Amino acid sequence: MNIKEIKELMQMLVETDITELNLESDGTKIVIKKGVPGVVQPVVTVTPTASPAPAATGNVAPPAPNPPQEKGGRTLASNQEYVCAEIVGTFYRAPGPGEAPFVQVGEMVEPGKTLCIIEAMKVMNEIESPLRGKVVEVLVDDAEPVEYGQPLFIIEKI
Amino acid sequence: MNIKEIKELMQMLVETDITELNLESDGTKIVIKKGVPGVVQPVVTVTPTASPAPAATGNVAPPAPNPPQEKGGRTLASNQEYVCAEIVGTFYRAPGPGEAPFVQVGEMVEPGKTLCIIEAMKVMNEIESPLRGKVVEVLVDDAEPVEYGQPLFIIEKI
Amino acid sequence: MFGKILVANRGEIALRVIRACKELGIETVAIYSEADQNALHVRYADEAVCVGPAAPGKSYLNIINIISTATIAGVDAIHPGYGFLAENPRFVEICETHNIKFIGPSAQVMEKMGDKSRAKRIMREQGIPVIPGSDGPLTSVEEAEEVAAAIGYPVIIKASAGGGGRGMRVVSSPAELKQAVQTAQMEAEAAFGEPAVYLEKYLEEPRHIEIQVLFDEHGNGVYLGERDCSLQRRHQKILEEAPSPRVTPELRKALGEAAIKGARAVGYTNAGTVEFLVDKDDRFYFMEMNTRIQVEHPVTEMITGIDLVKQQILIAAGEKLPWRQEEITLRGHALECRINAEDPEKNFLPHPGPIDFYHAPGGPGIRVDSAAYSGCVISPYYDSLVGKLIAWGETREEAIARMIRALEEYEIVGIPSTILFHLEILYHPDFLKGEFTTDFINNLLNELQPE
Amino acid sequence: MFGKILVANRGEIALRVIRACKELGIETVAIYSEADQNALHVRYADEAVCVGPAAPGKSYLNIINIISTATIAGVDAIHPGYGFLAENPRFVEICETHNIKFIGPSAQVMEKMGDKSRAKRIMREQGIPVIPGSDGPLTSVEEAEEVAAAIGYPVIIKASAGGGGRGMRVVSSPAELKQAVQTAQMEAEAAFGEPAVYLEKYLEEPRHIEIQVLFDEHGNGVYLGERDCSLQRRHQKILEEAPSPRVTPELRKALGEAAIKGARAVGYTNAGTVEFLVDKDDRFYFMEMNTRIQVEHPVTEMITGIDLVKQQILIAAGEKLPWRQEEITLRGHALECRINAEDPEKNFLPHPGPIDFYHAPGGPGIRVDSAAYSGCVISPYYDSLVGKLIAWGETREEAIARMIRALEEYEIVGIPSTILFHLEILYHPDFLKGEFTTDFINNLLNELQPE
């Protein structure tokens, strides 16, 4: 299948109400799905924030459920991948204060290359790149806390 | 399978109410799904009966909501009409015990013709036909209690 | 004991009565209008009978259909809840005629207490202070002017037959009096079918304190402490508590004994509430007696441990009260927030409609009395009460803290509600200090007014 | 007082702790696994941090991620709930190292009481009766055979590190002993990572009675009456009540004083539960002490009016207990039914899955502690507890009647639950009479067996 054919398929998704197409080639495995995604059931969805205290201005409205937070918040291109936090801790881009970051945006990385440090319980955990590719984006600011599964980098496979 | 064939399949999804198609080739595995995906609200519907007491036999299952009861329980032909109870009371088909019923199935009735009596608080209320037509069915047995809005007769307009 | 009871009501109070009956092993018959066929009281009762269309006058007030249902179903007694037929002496008489026990006082007692002017006269005869005012219904505007001049402005005009704030007008000067009397008469006629109004002194900064009493049919009576119902908007209670943060043990005893004396004077039976106004100096005045279970009864249940609705049923069945006055003990503190389907941003306009998602709070000290559920519809035909949220704590502070966190948990999606308005009350420093009068809500609304 | 607390748990107990914190004005940090991102404890906490994937070993038991979350969020204390890390002395030590107050006893005390054999030795030294059995963990099958022969069959094998029924085997004859010891060791190893087991006399027809104690950090301790937890299936409690229908005031005092003495002997602090077996003749034997809040703590809260989780927090913050023993009074009666996502028709097989519709009961005397809601999913990764339904009544009869009507109101659609099985218990004549032992559930299940 060439790039033109893929683009044709993508165009069909854009133009129709088909929402999902999986495909494997030689074993021929296809999944096509249609329909409004996520229009299911009144689910209490959650954001990790407290109920707002009532404003003193008489701003009175019923508490409504919030939309779900998606991991990473957006869809990546098929050749891009998130590197996510496997532990909870504080994210550091450089081995020490004032030192150069482990990686810069645009830089090529090999599997095993240290991307950052996550400090947990006073231990510095080096986080390595799982793949070969180019650092497209750094998603967390230096010295920010990160939770389990939080996306840290976007790497584009080469 | 080539791109043209895949596009044909996708077109079918767009044009029909099929919502999902899975497919594997040589092992021949197909899943096709139809219908609006998951757009159902869990509504508590109600029938005027009590929760069942637990059976002594260990028949243990969670109480599930029951389907709603429809008035009259069925759809009438367009030339048919229900005559319903306007008061709560006891339904009588005849003016007195052992006497002939006010109307028989198959009988023609004029507006104002007494169809039955509903006794409420010791008062006998004569229920009259609101229209001209033929009595198709009597829906309540003699001496049965009726509630407000309960269908008593089906009359076919002539 | 009764074998079967008809519950002549809907909504949360119908559910409340059905629950009490179930716990006593008594079968229940629910009545419902066509608008209520999916209501929880229909689902939870043993039997349910449709008694009319949505309009209350044709269903929940339809005496013929209700009595007919009761006789056909073979019930021993009818519980009227509050509102609808609960204070209708004619309905009580009809029940008596049909050998159905009405769960409440007799028609005669209800009639005496239902006429507010007459009730005040009776109390005055017992030596219980009443607010100075006209001696019974006003016969003319001139009489109103004379009485008002004699007792001094401000005065308040009230419907003789009424309750719940309808047919009420506060008048602060002679110039407004004539029109106020006429408007009140019109409102009274529209609301209760009875234009009679009376006039009395309007107390400033009063507290609305009411005493719950129980009388069995053997002459025994007890009072179960007080409820503070000062938080009202347009004479509609919105947040009640027990005990009152400003009632001392001495005042409680004085109020309780006055309530018992007044009720005993008319031969009262079953549950009732004697309402007083208490002024800044702890002087109290009899206002009226409500001859039914009240919306806010749960706060008394929470601090006494006594199930008032069950006691109503037991008393009606001829049982004796199981305790003497000195055995009634109060424990902790309770609050009730009335959660209404009203939009506080639009002047509390009732906002009926479907509740798309409903989730009630739980955990320690929290009780919810509600007939709402996910997918139910708040009907425009009936009152806007969605639920009563009740919080108990060892102290008033704990009860308030629990109420706040429970209000924050309460999920009612699809219609506006008064949940956040209650938080405004609960966070207010004067409320926290327990320093509030019947003016509190008006003042709060003024404070909250956007510039 | 603490400013911020991390709640190292999930489900209803995480919610319970968050509620207590809110009522005390303390901020909360929830932790959650990837399977729990839509859980109510995440929604109700002020902050929430994902600490790992669904598997508990990688999230709710992930000490590194939890401590890291705690230090980054800047919490003063950690509340462990029950289960997970609640009785892990190593975790307590790590908290101490990081200057985070662990809400519970010290690591040292936990270690002493966590080792069941050692705990029994301590109690015996205090003159508190313990069940005869092996002196500490069994070193060999031969030792087991000797001890069993000395004290007489039946005997029971229990995991030293365990709890909750895992690693337990009842042995009624010497022939079964060897295999039972080995199986119990394997189960203990699998469940607790620790194969040590001990052996003791198996009492027939005993009652499981436990005493709730509270100790502050200034040497003051009180007991808050007992809970009867005799209704167990495979050593898992399913219905608890307080007070026990068979404990007399004298026995209550004897048990309470023994519990206080034993806990004081190890310098116990915070909330704890001392479990006893009581035989037909009201002789009692110390079984074990649980050094955490228990699932069934609400029944004690309902009859004492005391919020145990708040007291845990206050004690950990250094407050003194506000009452002396004689100020603790019991009022009424409370029951708790554990509503599990289990199919009673399929041997109580856990049945995780989505709850399509959820509606909890309400009204007087009813409390629901649950993290379920319409649309939530009961996860296969964690325990099957959907909610705890608690009923209070002035009398045991009233509490039972309320529990029955509340169970009948409880709507959990989409998965099977134990609701109707609880009704079987509550309608059983022996339960109504209060005549039951730890064999009750097994006997009931045999009765219910279809022919």
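Residue numbering begins at 1 within each chain, and the chains themselves are lettered A, B, C and D in the order written.
Here is the rule we use: a contact is a pair of C-beta atoms (placed from the backbone, for glycine too) under 8 Å apart; a residue touches a chain by one contact, two chains touch by 3 or more.
What you are looking at is a predicted structure, and each value in this text was computed from that prediction instead of being measured.
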Smallest count of steps, each to a touching chain, taking subunit A to subunit D: 1
Greatest separation from subunit D - chain, by CA centre: B
Chain centre separation (subunit C, subunit D; CA means) in Å: 42
CA centroid of subunit A to CA centroid of subunit C, Å: 56
Centre-to-centre distance between subunit B and subunit A (centres being mean Cα positions), rounded to whole Å: 51
Interface hub residues of subunit A, defined as touching at least two other chains: 41-42, 44, 51
Subunit C, residues touching no fewer than two other chains: 44, 356-357, 359, 373-374, 408-409
Touching residues on subunit C, where the partner in the complex is subunit D: 15-16, 19-20, 22-25, 44, 298, 301, 305-307, 309, 331-332, 357, 359-360, 362-370, 373-374, 394, 398, 401-402, 404-405, 408-409
Subunit B to subunit C touching residues, read off their complex: 41-51, 68-69, 87-90, 120-121, 145, 147-150
Subunit A-touching residues of subunit D, taken from the complex the two chains share: 30, 34, 37-40, 42-53, 59, 64-69, 71-73, 98, 356, 373-376
Subunit A-touching residues of subunit B, taken from the complex the two chains share: 1, 3, 6-7, 9-10, 13-14, 18-26, 36-42
Touching residues on subunit A, where the partner in the complex is subunit B: 1, 5, 8-9, 12, 16-18, 21, 23, 27-36, 39-42
